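So that you can tell them apart, the chains are marked A, B, C and D in the order they are listed, and the count of residues begins at 1 in each.
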Amino acid sequence: MTISAAVLIQLEAQAIELPSWAFGNSGTRFKVFGTPGTPRTIEEKVCDAAQVNHYTGLAPKVALHIPWDKVDDYAALRTFTADQGLVLGTVNSNTFQDDAYKFGSLTHTDAATRQKAIDHHFECIEIMHQTGSNDLKIWLADGTNYPGQGDIRGRQDRLAESLAAIYARLGDAHRLVLEYKFFEPAFYHTDVPDWGTSYAQVAALGDKASVCLDTGHHAPGTNIEFIVAQLLRLGKLGSFDFNSRFYADDDLIVGAADPFQLFRILYEVVRGGGYGPDSTVAFMLDQCHNVEDKIPGQIRSVLNVQEMTARALLVDRDALTLAQDAGDVLGANGILMDAFYTDVRPGLAAWREDRGLAGDPMSAYAASGYQARIAAERVGGSQAGWGA
Amino acid sequence: MTISAAVLIQLEAQAIELPSWAFGNSGTRFKVFGTPGTPRTIEEKVCDAAQVNHYTGLAPKVALHIPWDKVDDYAALRTFTADQGLVLGTVNSNTFQDDAYKFGSLTHTDAATRQKAIDHHFECIEIMHQTGSNDLKIWLADGTNYPGQGDIRGRQDRLAESLAAIYARLGDAHRLVLEYKFFEPAFYHTDVPDWGTSYAQVAALGDKASVCLDTGHHAPGTNIEFIVAQLLRLGKLGSFDFNSRFYADDDLIVGAADPFQLFRILYEVVRGGGYGPDSTVAFMLDQCHNVEDKIPGQIRSVLNVQEMTARALLVDRDALTLAQDAGDVLGANGILMDAFYTDVRPGLAAWREDRGLAGDPMSAYAASGYQARIAAERVGGSQAGWGA
Amino acid sequence: MTISAAVLIQLEAQAIELPSWAFGNSGTRFKVFGTPGTPRTIEEKVCDAAQVNHYTGLAPKVALHIPWDKVDDYAALRTFTADQGLVLGTVNSNTFQDDAYKFGSLTHTDAATRQKAIDHHFECIEIMHQTGSNDLKIWLADGTNYPGQGDIRGRQDRLAESLAAIYARLGDAHRLVLEYKFFEPAFYHTDVPDWGTSYAQVAALGDKASVCLDTGHHAPGTNIEFIVAQLLRLGKLGSFDFNSRFYADDDLIVGAADPFQLFRILYEVVRGGGYGPDSTVAFMLDQCHNVEDKIPGQIRSVLNVQEMTARALLVDRDALTLAQDAGDVLGANGILMDAFYTDVRPGLAAWREDRGLAGDPMSAYAASGYQARIAAERVGGSQAGWGA
Amino acid sequence: MTISAAVLIQLEAQAIELPSWAFGNSGTRFKVFGTPGTPRTIEEKVCDAAQVNHYTGLAPKVALHIPWDKVDDYAALRTFTADQGLVLGTVNSNTFQDDAYKFGSLTHTDAATRQKAIDHHFECIEIMHQTGSNDLKIWLADGTNYPGQGDIRGRQDRLAESLAAIYARLGDAHRLVLEYKFFEPAFYHTDVPDWGTSYAQVAALGDKASVCLDTGHHAPGTNIEFIVAQLLRLGKLGSFDFNSRFYADDDLIVGAADPFQLFRILYEVVRGGGYGPDSTVAFMLDQCHNVEDKIPGQIRSVLNVQEMTARALLVDRDALTLAQDAGDVLGANGILMDAFYTDVRPGLAAWREDRGLAGDPMSAYAASGYQARIAAERVGGSQAGWGA
């Protein structure tokens, strides 16, 4: 099978949002390895993100994390970003690093602490107005480590109240996306641990609230593409945080651990109307490049998403439906696998070259000298990281 | 700590529903071991269930499984059951053993097959009218074994339609409880795999539909008590299928694998208003006694639920709230653990004896000679089982 | 990348052993679906296996399961099998279906029961002499369902004694391979639950004993290719039972659930010297075709193994070593992925056609009319299954 | 059941080793919360550890972590520790925080890097001579994040060589204990991921090498007590790192997540001869008090171990054997559960008071004013932590 023109046209519109923090240092509780050339500022992160887009044409947006990316003048940042050919995307809040949040933020028993966390989201919404961002993403680290430490039920009720206050402050064009996560940093209970909880909470808020699905945030064995199909059916799939994992929230490069799973996820996206001009689903990366180079790590990631999207679009859906209706298990499976096993790389390289992009973005970046230049230039200052 | 009078009063009302199939043979795909004395009929199952209630005072109801427990005259069965001191409870449908359902029942692509499955539920509802049962429980085995075999999204839509048809047929006093299960017998995708799916489906149906939580039907590591708290908060926890597991849906005796988990579940039940005269949550067992004796297995099970309920009721909730609000992690956890580590068995034995029951139901049953009697009497015929 | 001549030459020798039971009915504890044409006898199973080999050239051996495949005259069976162009392979013992083994076989506390299980293996060894089989495979279902039910330590000691007795009876050309399994049918503890246990037991026996690795028998998240590498390093990888799984021991078609994992496994096989004329590792399938057609299911399976072996052989190992030594994470990973993403199917089709085989074995079998013929002919009698 | 005198006598000898790092700050990759009073030096850690022993009588040893606990004069540290009534225990090496170890330490492809890691262990052995420590514990973080990044097999071979070099340097009274861990900080493969690997490596070294079992380092669902029984049987259980977990390596207080599991583990310890004067098994804690107070967290931990040891010793082993041999599943399980459900706390409180210790160590410590004193005194300097 080769990539048809129809598929290539559908790929034109693909746009993947890069997380600013992917260009900074990250690691584990055991060690964060620094690397020469790591950005010190959000502007340097944006420049690195621009490289990813330059070589792939796939990554026109950069997501911000507040306070890691706080600046005095967001209008200036917006202009600077535009000058690099990018726009600013989702604003991510942070309610897990202030000492006040040791026992919770939006769910805290103390009203003043909850208000502090709500106010932080008001600040994020204000920033969104200035950056032109549409999406406010809330990943809530709230939870407990020991049975009895918190009142699970009461925390859920307080979460609903806090979210309602934030929701009421959204601008007309804004959305709130609520991410769920199985565990970590809390080790007994997490206040938004699964899609059901996120769905129940955003359904209570209204049309501007939806679910963010991070592909690494599930229990072992969870069928993620089922959740994709279900959330699309319920009209509540707001965005993806793409990455991959073998064990827990490993935050590896998307598609690295289980490429077939990524294929199945993207197939359900396509099947359910989540891809294309009529869809409002946002496609973001959320990864950590602990041991690999960061910029090429992001290039590899967006290419993985593109290649798997191409394979998902290649599925012969009419033939698939016929086989499914006939109870032809092996036939139906074979139709899916045929698309998965198709080598789309040559076709996509040709397609890139047609557009004046590098056929092989990884090699082109490596040959560009950018990495050596930033390693030489970015000396002194404090390398960006999570500040954990 | 000893069991207070207040707790003992709350325990008076405890009623646990026994599954008729627990008294028949069960096993794995590798082997079903038969045992002397296994019932051949639903009447013999009811007699065995009556033994459990006789020695514990905790188990006044027996759930039916259709078609395993089909009879010609349900009114007669109802009378027979009443004569044994029991009532008939939940009616469980079966959409996984007819050859027609190989590729699905309520979700099947073929309308006639879906109608066949719907009609089966109509039959179950008709039986409920005759048996006086209130709850129709649907555990849906539908799913697929291979990616592509079925259209996940389309199946979910068809499920919604089928459930709506069944729901519309319910009597005024009836409820529909929809069980979810992580996997098995389907090994790639299951059509109702998690509480979120069950919740989304029953929320669309109406007030008479709610979720059935089987404690063995979750992904590894899932925090089940969180789901209990959430479903109670959403007003959609219909019933429990109690059992325990180390690995998958092992269907072991409730409390056997992780007694502390059972305690935490029951604590959230109590905390969330799911226990007591004002609650409509049904407490059922759903277990397989593959290698242990069946009647004592059920006695052990209801005692486990009673003992853990007592411990859950013992938690000093006022002190717990104070510790939680103070951020006293070890103090709060200690209050919970204090109740868990309390040996409630002597107090419950005394309480039983006060009511004319055996202090030690396990020994009393063993000494009764019932097991030897049924082993001698129940010769010939076909032992009840799952007919897999 | 295309398949080089060097790789094609290495593929010449590939031989995958088919399990006789894959052609019979199988299912779950909930239901075993029968299908028209299912074999009633071992001879019919052999004929079906011959079809798989006929269309693929990859499957010249059939493994037996005793007692499911017991016959009066094994010499005749051997001849019959040879007439179909196949040979008889591994003999699998069964210690999980006799009522005597309810609480254990080789590990049982009762010496007579242990001897019964040992004697069964003596019988298997005798059969091996007659069938010309070399490998005795022991998958031990022994275990317990409840803490305290058995003495874990004592059972392990008795297992060692029983295995020693069996080992002593092996013929000169015989091997004993000991399979491990995480859980099922035992749900609390299993007597050979992991590779470490199997390794410790076979290391104590001697050179003719080694480990059987079933790809579906591990805890969630286990890195199976690591175990492959380790067992090859220790000289104790005797054989594979290939299949795949999303959840537990799902016994799906090999490569169906996680094709990339199969690739990584086969890469470590190649890397560690487990593939090729100097290797003694046996490659077997052990699958259940619960809902899909059995013969094409087996054809699909051996093709999956062949295709992944081709990809594993395609890895540029010299370049990989250079990248690994240089700490080039993305480069090294990219070399591996390049082989994985290569579409080897056209090359293998051409290779098959060169040898007079069907380019597309699935279509060729479907077009052959064999399935319709056996469905018509195999009427009456009792379809083969597990007899659970 | 009450605690018999025989059990109390066996409890006399219990000695649990405390990790120095438990008294410093720890956290997740997202945040490390500091607390007033956190030690700045190893001497302050020793003082805190002495509090744990003071109130419980159970914790006479402190384990060191090099380089976190490096001092100029180990003889002085040894004297200081003795003055606090403690001795220095296991020396833990660190091969995961030096930039040189980004791609491995004992397994690195570069010989100089391996030698650097070996030399670090030589330094640890030298420290052991000075501190009087017997055990060198190696937890190896080595591994890779992406398939292909490293050569799994070659790394295992290099590990064997490096360990042999370290082993050869041990003193006569020294032991090497090799810890295994399922994952983290490596997210694709870990070089010592399971007990089988640790066993194979230490078996090749000799009698002075054995396995360290950390209770949080296993795949989901792993039967840890089986591994305990197996390692004791093989004579290779060197030590425990006690903690507990709901998800991954959560490092929660031992017994907090699954008290029944801790009971089963300690029962197999007792059953297999791992407890008491003739055993060489070392019992250590390895926990992180991310959100709870550290000193009471350690007090709670050693009490949990003591209480569960008491319950394990209470098991009526003769009766258990009889029930097991009779195939009395419920009876055998009931004997185990009877011990587990026994409330040993009053008996242990009385026993403590008989020895001049506090009946309730948690309350006694809280009332002592120590926490307020160190909070007031330990101002300035740099709080101890992992330095990640």
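Throughout what follows, a contact is a pair of C-beta atoms (placed from the backbone, for glycine too) under 8 Å apart; a residue touches a chain by one contact, two chains touch by 3 or more.
As the structure is a computational prediction, the values presented were derived from the model and not from experiment.
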Chains in simultaneous contact with subunit A and subunit B: C, D
Winner on C-beta contact pairs when A-C is weighed against C-D: C-D
Distance from subunit C to subunit B - Cα centre to Cα centre, in angstrom: 38
Rounded Å distance, subunit C centre to subunit D centre (Cα mean): 39
Residues of subunit D whose C-beta touches two or more other chains: 102-103, 144-147, 149, 182-183, 188, 220-221, 223, 246-247, 256, 260, 291-292, 329-330, 333-334
In the complex, subunit C residues that touch subunit A: 220-221, 223, 246-247, 256, 258-261, 291-293, 296-297, 300, 307, 329-330, 333-334, 340-343, 345, 362
Residue ranges of subunit D in contact with subunit C within the complex: 102-103, 109-110, 144-153, 156-157, 182-183, 188-190, 193-197, 199-200, 218-223, 225-227, 229-230, 232-234, 260, 264, 268, 271-272, 320-321, 323-325, 327, 329-330, 332-337
Interface residues, subunit A side, partner subunit D - complex: 26-34, 96-97, 99, 102-103, 141, 144-147, 149, 182-185, 187-188, 220, 245-248, 250, 252-253, 256-257, 290-292, 386, 388
